[in-house]
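The same chain A turns up in both complexes below, where it pairs with chain B and then with chain C.
Moving on to the complex of A and B:
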């Protein structure tokens, strides 16, 4: 999508920045990988497609890039991440040039494989919110990542340059496919069974934490020795503790990009917990992470009429 | 041996130093009876209770957790309990979402003069935890290495 415009802008940008953090096609089909573009000759390698899911803002925090002036490609969720990182004082605004990309959602390879079996890249032609498979054009809606199906910000709220044209609809309203809502509708016993089963499978590789651009603590509570919160053993209760603890740490910060879920090698829907907390924050504290840079984060402030009924 | 009949819940109670702990103290000196199932941990303020403390207590085998602080507006540190309320709300809703019984984690506001009320709160908490029985969902499993 929008490659021509992207390449033209990148050539211009390389005059003022050292790197452009973007995507290039991966060695496997249906996969894009992060790519640091340094020279004007490399600009042609930059791509953006329906598989450019990685939240690149993670790289802004790396030691080597933190003090350099870089440009970064940012979808809606990534731009929200940048706002949160700025607010938390992790990056400097003058060091980052944000290239906004309106995004129609990222396609889940897992869902695609489940539906079409073995995939051949030449069978697919990708358009904006549709794709053509064996001559038949269909909507990408059912094949989007869970977090993309319930996305509220397809257009980046923050950018210096915008490539392509704005997405005219809100994905959550259009796709009406909400993994969180579906789970909320079943009984709490069923939900416990579901979570117990899912978390039992977690091997605690911490890929979710490492992929998350907002999990940047130098020492994670999961690995702290003092206090010793939890053991590294991958048992159900420890896993549950880890994921619930992480969700609480993300409260009012999670931008719902789904990086954790995409990174999970066991395909556990881990994003559900932070997403739930974010829904609560949205509903009860009327706050959305990374949307309004000037507002106080929800756990650093309070209102006298906050929910109180649950307290005796 | 603990069995189904003589099981008594173990409840961890985080009490704020300025209100609820003093309230518990008042219940004590006034000789007001309440069930001996709670294990009191005194904290400087309900705002000092990290939600992870609560998760940890549950994971280590507590059947219930009670967190009690000053009434809104009465915090010794002016606003600690308001901040706490937001954190507790998120924790409570998250646990509900996970399918953990709501009675396991309870919150209350008890002032230093409410000895009677403290005893009542503890009675209610103990009764509700007894009703749902021992915690099985989030206690630590032991890992045996072969």
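Moving on to the complex of A and C:
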């Protein structure tokens, strides 16, 4: 999508920045991968498609890039991440040029495989919010990543340049699928059963944590020895503690990009917990992380005149 | 003649399915093998992600300890009645991971891992020939093949509406003898298959890669890796583990999987870290599998199953990394 425009802009940007953090096509079909574009000759390699799911803002925090001036491609959720990182003092605004990408949602390879069996890239033609397979054009909606099916911000709320044209408002009902809502409708016993079963499978490889651009603690509570919060044994209860702990650390900070869920090698729907926490934050504080840069994040702000007693 | 001929037989697809269904409680199959052979399998066989799940589980209590009357008492962990499967159906690459890498590491002459040895002795490998190469595999590159077997474990190959079986006594039961004609056909099919495979890495690759330790290319190779442990934990050959004292006055010594991708893997008590960034950690992963282990053990530490390529959240690709280093080595031989 928008490649021509992206390449033209990138050539211009490389006069101003050292690197462009973007996507390029992967070594396997249906995969795009993070790519560090350094030279004008490499600009042609930049791509953006329905498989560019990685949240690239993670790389802004890497040792090598932190102090450099870089441009970064940002979908709606990625731009929200940048806003949170700025607010939390992790990056400097003058070091980052944000290239906004309006996004129709990322397609889940797992959902495609489940529906079509073994896939050949040449059988698919991708358009903006539809694709053609064997002559039939259909909506990408049912094949979107779970978090993309709930997305409220297809257009980046923060950008210096915008490539492509803005996505018209996408009503949530459009995809008729919401993994979180489905879970809220069942009884708490059933829900417990669901989570117990899912988290039992976790092997604690920490792909979710490392894929998350907002999980940037130098030492994660899950690996800390002093204090010793949780055992490294991947048992159901310890795993549940890790995922619940992570969800709570993300309260009011999670931008619902789904990077954690996509990263999971065992396909555990990890994002459900942070998503629910964000629903609660929305409900109680009318706040969404990374949407309005000037609003104070409710769970990271201390006030002497806080109306709640327990905080004092 | 007895003892000189390999025990071979032909069984029907029906018998294959029926016998597996009967032994269901003693069986497991790897996810990859299930993907390749789904059409022949009865439903309900226990699926494991990799053989490690049975032979080297993600965590284990080594012993329990407690403080009593001013001294420490150590308690052996009682072994539960073993409920693990006794037959594991797996692909040639995964079997190679067990026979050539895990066994080499855990069943050394100078040190024998008792837990692994006990589990391994109970587990019979049933290698399922793998005629369909998946786009992620590259067993040929590290000297494997879709029909690799160790000559001791059972080996099964789908052959013209039937199954050709080697070295099996109990699992599949009696079968028809394999006549000379069939034997010759299978042999020539295998030969043709082997010849079609792209060439493996050159025999001196491990030594040459060793010399490229300081190659600046590693920096770029490592760029996109996010240093999670998905690849190492699901790798059938990765065997690194950590020990943790879990508890204060009473508790247990835990053995859990560890990953060279984690910063803490090499963090010293002094706070010095000899592998401080992603570059050193990624280099270690490639070097261990393609240089250190092969130099020491005369075999690769990677079996080319491709699971790491398949699951990597950012499409970091070990085959690509190796190919890039091959190019570097070819382009300038005198790095030092």
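By definition in this document, the second predicted complex is superposed on the first by the 297 of 312 C-alpha atoms of A that agree within 3 Å, B and C clash if a C-alpha of one lies under 4 Å from a C-alpha of the other, contacts with A are read in each partner's own complex, and residues count from 1 in each chain.
The working rule: a residue touches a chain if its C-beta (ideal position, glycine included) is under 8 Å from a C-beta of that chain, and two chains touch if they have at least 3 such contacts.
Quick caveat, the model's predicted, so the values are computed rather than measured.
Shared-chain residue A:207: touches chain C; no touch with chain B.
By the touch criterion defined above, A:277 lies against chain B but remains apart from chain C after alignment on the C-alpha atoms of chain A. Looking at the shared chain after the overlay, A:29 reaches chain C, while chain B stays out of its contact range.
Applying the stated contact rule after C-alpha superposition, one finds that A:235 touches each of chain B and chain C.
When the shared chain is aligned, chain B comes close enough to touch A:308, but chain C does not.
When the two structures are aligned on the shared chain, A:265 is found in touch with chain C, with no touch to chain B. Chain A is touched at more residues by one of its partners, and among chain B and chain C that partner is B. Residues 231, 233, 235 of chain A lie at the contact with chain B in one complex and at the contact with chain C in the other.
Here chain A touches chain C in the complex through residues 26-29, 31-36, 54, 58-59, 62-63, 203-207, 209-211, 223, 231-235, 259, 262-263, 265-266, going by the rule given at the top.
Across the interface of their complex, chain A is touched by residues 49, 58-59, 135-136, 220, 223-224, 226-230, 232-234, 242, 244, 246, 254, 256-257, 259, 262, 264, 277-278, 309-311, 313-317, 319-320 of chain C. Looking at the complex, you find that chain B touches chain A at residues 51-52, 55-56, 59, 72-73, 79, 82-83, 85-100, 106-109, 121, 124, 137-141, 143.
Taken in their complex, chain A has these residues touching chain B: 183-184, 188-196, 221, 229-231, 233, 235-238, 240-241, 244-245, 247-248, 251, 273, 276-277, 280-281, 284-285, 298-300, 302-304, 306-308, 310-312.
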